[in-house]
Amino acid sequence: MVLHTESRKDQSCLIVHGPDQPGIVAAVAALVTRNRGNIVSLDQYSSDPSSGDFFQRVVLNRPDLAAAMPEIEADLARTLTPLGLSWTLTDRSIPKRMAILVSTSDHCLLELLWRHRRGELPVTIPMVISNHTNTAEDVRAFGVPFFHVPSAGPDKAAAEAQILKLLEGNVDFVVLARYMQILSPGFLDAVSVPLINIHHSFLPAFVGAAPYRKAKERGVKLIGATSHYVTNDVDEGPIIEQDVARVTHGHSALDLQARGAYVERAVLSRAVQWHAEDRVIRHGNQTIVF
Amino acid sequence: MVLHTESRKDQSCLIVHGPDQPGIVAAVAALVTRNRGNIVSLDQYSSDPSSGDFFQRVVLNRPDLAAAMPEIEADLARTLTPLGLSWTLTDRSIPKRMAILVSTSDHCLLELLWRHRRGELPVTIPMVISNHTNTAEDVRAFGVPFFHVPSAGPDKAAAEAQILKLLEGNVDFVVLARYMQILSPGFLDAVSVPLINIHHSFLPAFVGAAPYRKAKERGVKLIGATSHYVTNDVDEGPIIEQDVARVTHGHSALDLQARGAYVERAVLSRAVQWHAEDRVIRHGNQTIVF
Amino acid sequence: MVLHTESRKDQSCLIVHGPDQPGIVAAVAALVTRNRGNIVSLDQYSSDPSSGDFFQRVVLNRPDLAAAMPEIEADLARTLTPLGLSWTLTDRSIPKRMAILVSTSDHCLLELLWRHRRGELPVTIPMVISNHTNTAEDVRAFGVPFFHVPSAGPDKAAAEAQILKLLEGNVDFVVLARYMQILSPGFLDAVSVPLINIHHSFLPAFVGAAPYRKAKERGVKLIGATSHYVTNDVDEGPIIEQDVARVTHGHSALDLQARGAYVERAVLSRAVQWHAEDRVIRHGNQTIVF
Amino acid sequence: MVLHTESRKDQSCLIVHGPDQPGIVAAVAALVTRNRGNIVSLDQYSSDPSSGDFFQRVVLNRPDLAAAMPEIEADLARTLTPLGLSWTLTDRSIPKRMAILVSTSDHCLLELLWRHRRGELPVTIPMVISNHTNTAEDVRAFGVPFFHVPSAGPDKAAAEAQILKLLEGNVDFVVLARYMQILSPGFLDAVSVPLINIHHSFLPAFVGAAPYRKAKERGVKLIGATSHYVTNDVDEGPIIEQDVARVTHGHSALDLQARGAYVERAVLSRAVQWHAEDRVIRHGNQTIVF
């Protein structure tokens, strides 16, 4: 873990992905060296050493990085494209822009705002959008704009259009921090940035509504929370992080909900941090987390 | 936790269950006192203080317990039956008799045999039954009889009848320590003692066969194991204990299976210990674990 | 766990402590019954069944409790004093008054304020006192008075006197939520209410200053936090709760501090909740936590 | 985690260590490529990107590895020595030879023997040495030679000399699986292979004898175990792995010991596995665990 407060000046994150083959690491490392970069950290994974998919994350340091980016990108295109590899190169000194969507529950929202204020999340937060107003004052106390977009009434499409208009061009990813509306496929198509959700159960157990009530009814001895990318299949997207907490017969469904809130905010925070640091790579319906 | 190796002489475990009402604790405590017993430990739970079910577990000490049991039982009948309460009184110096059914995987079996040898499980093990023979030598090295009852072939009923004949009158409960056969409703009716199973997933996630393969496909970040009482609905019985272990994208389905084995043996061991110590009370499809 | 938001009207918590002997449970239960109370929950522990110390916590429900308290207390005195037992009876509808002392770190402070606002801590917070001013605005946003008592300069005694004056008669316990001043024996004598501290290590490892730096130097693989009652021996008081988090060689001392903050706030919150619910009994330099 | 049961034929593990400097990764990767190897996995760590120590672990695959080893080693010497880097290259198809020293407690010993039989530990076990005889039968049932070297009496030097004679030339590392004798500095000098110990506490808490009794006296809420390399300073060597288990006031020192045994065997097993897979690098009094 590198804290946001440490300098990320002149640091870049390179993600490489494609068919595994001998020599990729050497090719990438040579490219970094000939562009006067130094490898700060390096992770790689191959889904199958003989014929699988290859994934690599390299954090590199290079004096005057901003000026050299086009040059490095051209070299990456020359070197990796012939090998069938795709890649992204990001300047780590530029934080990602994160919007938060929330309903009435404040625990995940406040945790993100508070970790951000501590300098632990490498993001900016241009806006919080809610279909309720109860969190407005708290959000603005953190210096973050708050927009109220009611979801009540038949015209869900209008609300989604309004949200899209607010997000468009202004954010790099969206966090659903207990946003209790199901977003339409049309919205998910149009939004064009990743969405991260927190589901209040240990998926795939207790998909859908009221997982704590279901957990109480089933008599489980652990409850959990799952953070995942949002897809058109509710609660079925690629899982980024999960965790659990121990419960007993003595806990009511309300107790499970209260205890679960602490698991939710921890799990969502880790997922957001890893996404913001380009540590998470989607691979089909799974994730590689470096 | 009281270790089996500590003396349980003259100790008795009283379980009381029924409709909650004021004065139960006082009635039971007075009964213990007037029978010259001392309360060693006491746990209670009410599913709803106003109109719920009441559950109590009392460990009591009484000189010359064995001789006094009939007298105490008569007092219990006089005192608790009028209140609509049911009860069981067991002599803790008499260990429960536990049979183990197993297929080829030895990790849960050996863990139970070994914990028993250490004196940590208050049971005797009159027999291990398997539909395979690979564990026979290990089992007999612990001084425990091993019976081979093959399950192959069309005549499942005959195999079950043979198992029933071995168990009948000889055991107080049965542990399925990775026994990979589904027992018929007829068997479950006839066996007339509790059966404890270990399922290799975090139920209700991944019910049924091949949970580790399913877990790999879903891309979960934690795997789990669940021990539960066996009912006619496969993997749906009351849960006694569950636990999880962290996994990553780098683990194959085979890795999950290897790591999961350690969660399975720990979870099953705790469930068996608690059952053997009369700490688990079934309540509908849930359990109270004191 | 009973949530603060559930009604505690007419509920009382009885703590009994003294030499173990047969019949205590029966005597207490009979007392509750004859005072028209109902036992909601009951926990007990004996340090040694034959000649040890006995501890019991009983939550009881009684219509018109407030009016009946003197009567019940008189009965307790008649019943328990002859047995050499001491006891306290508290009205659970009256929350304890908690002061928080803090220096510059806000993570434990904000966690307590926020859990209190959620209704999860059965306390009132009449004041936060700090030797710095950086948290003043946050504290007051929660509607809680903030007092600045600087500790700089040679006159520590004057600062302590000022704090004592603020606390006197206004609080039932004090939480040191990362208060980086060592309080004098004179202060601890005079304050006359319990003080709960959070130490940022897994005690007894890394007593004293800079535990994260020491942890990094020792190369531990887990870091921890410990909440304990304050005594004249720094970091040696009775432990209420502890927890840990996994770290690796890749974490700097600063990383340990950042990760540790989340363990600290969780551990302190649980300790405060349990103390506020009269779940913690001091026994020499140890605690019984029911 | 790669299971031992997977083929390690033609796999080699390269450890590189020395002063950090730009281009090391590229140099190593190019070397692997020009020797017709493929990088299977790669981990690296730098204690300080500007002027720190650099550590790298590369698992590589190369057809006909055994024949090519001298050639690769020569290339490593040509390439890395000028950069001030040290390195080791090991053939992963050759398991390390592990001796186990044990006293009377069998839990760590049996866990290692049993994991080895399952094919999870990439080692051979040429011998178990004990100063007692109670585990002899169990050990030999696993097909492992057992040697009894009594430690009683004044002539500790003679016992150590006998152990040295048994180990000499026959083992690559030694595991102290609850061996309750302190080995002399002379023995540690002479043995010339790494020794891994399991200490039954969360170091640096409770150094020395009787940690469970000390833990009970201090009233901790978690107990732990620590596996570390043995140095002349008892319980002060580089830590490989640690873990904890939750305990309560209700557990006696004997209960702590019983619960702790399960933490000990898990912690030691992981430490042994990681050492056997060349995942652990000593760095002063700390370890890098890849």
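Letters A, B, C and D mark the chains in the order given here, with residues in each chain numbered from 1 onward.
In this section, a residue touches a chain if its C-beta (ideal position, glycine included) is under 8 Å from a C-beta of that chain, and two chains touch if they have at least 3 such contacts.
Molecules present, by chain and UniProt name: A, B, C, D = Formyltetrahydrofolate deformylase.
As the structure is a computational prediction, the values presented were derived from the model and not from experiment.
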Interface residue identity across copies chain A, chain D - same or different by half: same
Degree value of the rotation bringing chain C onto chain D, based on Cα positions, nearest 5: 180
Chain separated most widely from chain C, comparing mean CA positions: D
Chain A and chain B: spacing of chain centres that average the CA atoms, whole Å: 42
Distance between the centres, which are taken as Cα means, of chain C and chain A, whole angstrom: 37
Where chain C touches two or more other chains, by residue: 250
In the complex with chain D, residue positions of chain B that touch it: 1-3, 6, 107, 110, 114, 118, 120, 141, 250-251, 254-255, 258-259, 262, 266
In the complex with chain D, residue positions of chain C that touch it: 45, 202-206, 218-222, 224, 238-244, 248-250, 283, 285-289
Interface residues, chain C side, partner chain B - complex: 22-23, 25-26, 28-30, 32-33, 37-44, 46, 49, 61
